[in-house]
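Here it is, the structure in full.
Labels run A, B and C following the written order; every chain starts at residue 1.
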Amino acid sequence: MGVTIPGCQETYQSESRSERGSERLRDEHQKIRRFREGDVFAMPAGVAKWIYNDGDSPAICVTLYDISSSHNQLDQNLRNFYLAGNPQQRDFGSERRRRSYEEGNNIFTGFDQDLLADAYGVSVETINKLQGVNDNRGNIVRVERSLEVLRPEWRLEEEEIREERRRESENGIEETFCTIKLIENTNNPSMADLFNPRGGRITTIDSKKLTILDYLQLSAERVVLYRDAIMAPHWHVNAHSVVYVTRGSGRIQVANDNGRLVFDQQVQEGQLLVIPQNFVAVKKASSEGLEFIAFKTNGHAIGSTLAGEGSAMRGMPMEVLMNSFRVSRKDARQLKYGRREMVVFGPRRLARSREGEDPFSIV
Amino acid sequence: MGVTIPGCQETYQSESRSERGSERLRDEHQKIRRFREGDVFAMPAGVAKWIYNDGDSPAICVTLYDISSSHNQLDQNLRNFYLAGNPQQRDFGSERRRRSYEEGNNIFTGFDQDLLADAYGVSVETINKLQGVNDNRGNIVRVERSLEVLRPEWRLEEEEIREERRRESENGIEETFCTIKLIENTNNPSMADLFNPRGGRITTIDSKKLTILDYLQLSAERVVLYRDAIMAPHWHVNAHSVVYVTRGSGRIQVANDNGRLVFDQQVQEGQLLVIPQNFVAVKKASSEGLEFIAFKTNGHAIGSTLAGEGSAMRGMPMEVLMNSFRVSRKDARQLKYGRREMVVFGPRRLARSREGEDPFSIV
Amino acid sequence: MGVTIPGCQETYQSESRSERGSERLRDEHQKIRRFREGDVFAMPAGVAKWIYNDGDSPAICVTLYDISSSHNQLDQNLRNFYLAGNPQQRDFGSERRRRSYEEGNNIFTGFDQDLLADAYGVSVETINKLQGVNDNRGNIVRVERSLEVLRPEWRLEEEEIREERRRESENGIEETFCTIKLIENTNNPSMADLFNPRGGRITTIDSKKLTILDYLQLSAERVVLYRDAIMAPHWHVNAHSVVYVTRGSGRIQVANDNGRLVFDQQVQEGQLLVIPQNFVAVKKASSEGLEFIAFKTNGHAIGSTLAGEGSAMRGMPMEVLMNSFRVSRKDARQLKYGRREMVVFGPRRLARSREGEDPFSIV
């Protein structure tokens, strides 16, 4: 993946074989970043980018565009600017907008050819190709031979570390952006921020781990629920959640401020669900387990749970619960301490308990 | 008052008498904060809270909800999420919205009972109570016996000071939030920021005094005008004002950008007035005096006065006033220096002056 | 120019001749700032200001009001609050709004005269003049004699330097604002940030040069294109541009996200053009040359060019261009390296090149 950031140097100086064989032409370009399954990319708006899949299986990317970001000063329509190709695909907008998309083209198409030829110092024939006039390949194209420049292999990782270090001694947005980390992986179980061997794990990618998320005001949470595990009833104080199921299935319920369910369904791999800020959700994995990635519209999303360790119930005095819910001291105690786990709960060991028993013996 | 902040520890470890008498059960919960007349609370959106009145008179709270805050990512409707109770009250929204409120309930009501029983590790009977199914008490309930846990008394103040100190050596939002000060009192005359023994006093609670207001982008100003005192014509450069009269009465005039009055009335205790950003207001106390609290939609609201010490008139050269208003040098001088006080002006000593005399002898 | 900032001291203590001749009255007021051709002023919203032209030619000011700024909490209408005068001019708003403006007046007009007389400690006759009741001069008035106070001459510059230094050792918004620099000149060629002796020059005034622009989130770019020069195809990643032509003429093309031209015209002195964020523009000077000032809706606007040194094309590997545009290696090389200049390109030396030749010989 290449992200071409304005004001940054061409720090990759690569060599490639010319068409005629023996001759060697040098090329310079900006840093290239490799990605693999489970990676989260953070991408600033308005920078030029391209993605090339050199693996042996299709890459599935789920992209959240935050059009209500303060960085978007245009209207609330998603606008893709293509530097190349002749995008034929349609958008989800209105009929009028969709029609204009059919005629759509890359950003060079409309410009005067002589003006562009002048600006690039090239012939009008080359501008014809730049404008993609006779190019019907759409916006995903097949590379005929493999891209030769894209093999920094393990040295890339090394370089990343080196650049990361250099960054700390520099000032100014552009310089920082040129070497800033844009990718973080969520698949490694040993990197989990919360782990319950009976319930599952949660890995958070937020502005503390990936500095650029502080600028983008977005973050992500990777959740793996084991079979029959429950994610405690919770809401997010300062963010919407966009949940995309990556594996397995389960049941999700979401309640609004009137206490009514606005969602109550089985979900499975490939499905996407939006949970608004402050709306309360409960998620339960099926016997297959449930894995999902949740994008959050805040660089440091704050969740609040309603059951278990660290929950709002735990934070309130027992007597407040007794009076608020008209329950006995024993029931209030069960509500506060019935689950000793945090956020992710394992399946209940029903064999060892019966309804109404002291909850301390349950979990 | 309890504010349950996600990610914070249960730092209050209290003991309470069990129902059976001698036995003692320990309970842990988050910090409890006491309030008294004249207190301003700053409350982050989305945190769980409860309020209990253990005094001997009704508590009147005036709450400003800033739905246009950047912290609200939902629509521009006020949405209250109740964790308990069965709120029957109606909202000021549309007919459709109001109807849905009648059916409204707490956030647990809609969820599947078995799912909740599982999440809490309690019986379905307890979940019934959690969901408030047969609870018609609304959202304000009477505590049968006094809440036993709520007596940290003077030690609370001590603890607050200690925690405040500890906070300074910590990093990170959550940790800071756990011990951050949320309450400041405005009634103590010796804390006034501006005092004129003939006119009155102003106490400002802004982000410099209460750090959390920098996060909330709200502030407050408590104004006490003595009998017949005037608050100089002024506008706020960066904030709306929501004025609530707490005592006495007076006259308020507000002008818009066309120089026309959009408000000109007597106001009295319990009335509320919104003054938009940049609109010019003049306030004059009646013979009873006038006291109000003004909430501002900025963490550090900047006011600009048009008369007296520190005013825009003072900042301009006399010759600019002479030419702008076509007045003599003498009149320009009166406009600049006719009032030597700042913001709050005492009643004019008419006995000692006549119209047209040198203003320097008036005040 | 006077900018009266709330909370700031009257630091100019000037003397002026009284009307009667020999007598001397002292006056105090806030700092006065001089301006000359090519100056950019940054003006916080809501502060009182006046401008006086003591030069020998008309002053033309182009003002950008950022009504979508976070500092504006009112609606999206432009609202001017006049402290003096009786503005008769009309606005560009709707018919209804325009009518109200005809009746418009200064902010004092509507207030009760006795209340204002009381607030200022002056007579009702003076308030009559303050309210501009019989003043039909509009909002630009002719000064009868020259304003005597406005001659700090070269000492002003000196003072500015001194105050600038003092500022660094102070804290708090108001104190900083009192001495903050509000003006920067763009006309001096030796101050240009980018200079191409064949193409022209660019001078940027952003938050790094003028600190207050970080607060206002606005910046400006002064561009001088010599005859037949081209400004590379470019877009702004984080800002709209408002272009005002100050001299000469040229051709501007602007393309939207569908690749269609939304603007394609000759422009000349006195014309104004809005280019939205991310929209791609090409500008070419006529044989007269083209000069303009572009205001940007970001304190640090980031531009991205598509041709020449530092462009997005340069940042991408040649093989990506070859595959994206279906061009030969030679053409891809031309697209990347056909122009060795940065942003501002001189006219092509056609005498020395023919279409299709190696671009490296062209420039």
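Going forward, contacts are C-beta pairs under 8 Å (C-beta built on N, C-alpha and C of every residue); 3 or more make two chains touch, one makes a residue touch a chain.
Because the structure is a prediction, the values reported are computed rather than measured.
With chains as nodes and touching pairs as edges, the resulting graph is complete, every pair of chains being joined.
Least-squares overlay of CA atoms from chain B onto chain C yields a rotation of 120° to the nearest 5.
Chain A and chain B, compared by their mean Cα positions, are separated by 38 Å.
Not a single residue in chain B touches at least two other chains.
Note for the complex: chain A touches chain C at residues 2, 4-8, 10, 12, 14, 16, 18-19, 25, 27-30, 32, 44-48, 50, 52, 71-74, 79-85, 100-101, 103-112, 115-126, 129-130, 132, 135, 137, 141, 143-144, 147-150, 173-174. Contacts from chain A toward chain B in the complex involve residues 68, 230, 232-233, 235-240, 251, 253, 255-261, 264, 276-278, 280, 282, 284, 297, 300, 302-307, 310, 312, 314-321, 323-329, 331, 333-335, 338-339, 345, 348, 355-356, 359, 362-363.
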